[in-house]
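The first chain written gets the first letter, and so on, giving A, B, C and D; residue counts start at 1 in each chain.
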């Protein structure tokens, strides 16, 4: 068995400059630790709590930025897609196309993304059981695309709270597809601050080690150089200078788990 | 205070003939009971559990059928919309445009529907707290549209189960907008039958009376002449011949509640 | 079918004087509304959140007070029992012996209470499904006692919150035993104020009407003349001067429901 | 920081012979792996789902068996206590006295166990938030006893299911007391088989590694030589011949976590 892949970057594209800066900093760390790295950032946050929230630069400008990151830093890139139209355009740039959790049951989107032939990363909806993902997998497979990643990002637990059921990781791996753990959205408290989500960044290292301990194929993590200034998801993003220690431990645990 | 409105019809448009038949049968009952009635049916079920599930006739044919029902039966009509494009086209026919629960946080869809000027019925996502709806309301209001309905259809409760928190009804009414109780989706067991949702139709009368007791403005209910043959949501739809008794009790309870 | 019974009184016995005052005030109301009334108060609150919390006068003094209420006001009385020893002593005074929710799975307590031959009211644990009560019923029936009441008081829903699943009421009635709705504990936010539980008294009328709408046999409600001064459960107790209106509506709804 | 302690043994005392056999087999493994080991078995299962379920030999005979294990195998022993009377008698034999999850809010029991001066292991109730344990800790501390262990064994998640919120482990460690992860009760499906609990033994290794990854002080695990024949909790107990591998991985992960 192989080690794990890191999918990481700032929640939203705030500027080309910041994307390059964060991407480069993460790349330095993952190079040192020998962890394959995919840059992640969103060109549009289509489901922010409030109408006032920052959404990103939009599809066109966002793809340009991701293209730039891809070439300057020589990294594969991942972003979310929200509509059939976006899927077609984004396929030219993105290596991994992500289906947001709230949209994980939208058949047309799921199959449109599948049909691009790109790697598809589906975030399991907060309202889905681990085994419900089997139907989503079949929708993607129906397009002939078998490059599928399945992401755990927490499940609804009462109001304004999520819980990570670690049983979901081995259960989703039974599909035969790689399973990703989203360590930063899993510590969100959705809607927990009225017109925005709160988050408990302090639990990211614990949940990361737990998920790696349970056994996963990739780790998803939103990182930022200054989370407190971030335009999106600040309360749950990880500061870059905390990243290396988290990954170092994760890598050591992963090795033990995969050696059996 | 006024009585309640009924939003009802077959889950999906199966045929024009069935829509007319169901609509007429319900109209007869609601006329007798003096309950305002809006016909509901979906032209597309865009988030079925499985890729194999029946989805409906699609936008164009579906709108034609709804237009027909509207004119032949002289009823306002309601259907769900899933994309910005659909919203524009559907606005010509629909009196009430419904935003599906899974899509209740999608800003672009919510504002596109709001911008049509039609009455907007938002189903509260299974992953939202009652107070989270305040942000959705603001998104719609930002379009200048103040014709808003808010629907309770159950909240995630463990896996493959929903629970109706009756506190959500008075809490959502605090927004000042009318609140709808969706009696048939609330008894769904989502994904409860593997590749489709199960449902507990037998609880519909109990939950209906409970919600009316708590106090609501409208009742949403999927009904069918032969639920066991239905192409969608059969296990939770109400048989037409059971409808009158449910509504009669609901109306009597509603009167007591609203007289205070 | 008959109307519903009211089980009501102050959470804990604070003083004989208060018990008599509250009991008399409630009796006046229930006499006026023709609702059978059972006085409820606890001699010991054995599972308060904090070691500092008020617990009550204890078994012996408490039973004396309840005896007094019973005779002076000519009312049947109910209180919780927590141990086998208490069960034996309390049986001399109590008409209904209540098993607290947290203790609803303790076999020895359940059977000891059953063996007294008194009416047993089991509160369904916050951790039990409606159908789990069937096993509790069998434990009581094994003592030859068939005078059983089953109470819904909310089920765990995330942290520090409860939700009432109204489906549980008809489901528990399938046992053939009368079902009670506990309207005031159902609005508790357990542990919601750190070293004590919070509560949302404002939802009591809504949930009461909802439960009566779903269909129940008895209503349980903690009432107080000055909830803000109460030594226990103040945030969720109902003020006596609000009681009559709640009961009047409940009675009218109950009639509709039971006439079918 | 030190490694973790193992608390393990058959769910219920089925016979002296079996206790000695299981204890010896586990001791052999833990000696080999250099893990401190405490023998666990219950003399009474006081809250079985059904009145028909096996409960154990009772206090007196059970304590004799535990005394025997203690001396023959030179192991400290742990068992649950359910009443004040039991607490006093059991204190002569038990090194660790465990408070069952359902009873974790019963003030008299908690303080009686505290007052014995033994090490107290409180299982966090399935209905408690991680921070609710602070009040339980204060109750024990009020007796002057500061030898406290806090156990996570899953929290209610819908009906007949539990979920382990790994955030609870670091949160409970903030009390300053050692935290235990109960790997076998955490995979129970309470009441999941009608008149008994079901369980998903296959998830024990995953949850164990996850909890060790998050960081704990002790691991609790029910083990049996023939779980399928066990008189209690068979579906979630671990077979002894699977134990060594689980512990070996756990120990390696624990080392990484605690070295930071």
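We adopt the following convention: contacts are C-beta pairs under 8 Å (C-beta built on N, C-alpha and C of every residue); 3 or more make two chains touch, one makes a residue touch a chain.
Predicted model, so just to flag it, every value in this text is computed and none were measured.
For chain pairs B-D and C-D, the one joined by more C-beta pairs in contact is C-D. Over half of the residue-numbered contact pairs of B-C are shared by just one pair in A-C, A-D or A-B, which is A-D.
Remark: subunit C and subunit D have CA centroids separated by 33 Å (rounded to whole angstrom). Separating the centre of subunit B from that of subunit D, both taken as means of CA atoms, is a distance of 48 Å.
Across the assembly, subunit D contributes residues 157, 159 that each touch 2 or more other chains.
On the side of subunit C, the complex with subunit B involves touching residues 157, 163-167, 169-170, 187, 200, 203, 206-207, 209-215, 245, 249, 252-253, 256-257, 260. Touching subunit A in their complex are the following residues of subunit C: 157-159, 161.
Against subunit D, the residues of subunit C that register as touching in their complex are 46-51, 55, 82-83, 102-103, 105-108, 111, 125-132, 135, 138-139, 142, 155-156, 159-160, 190-191, 195.
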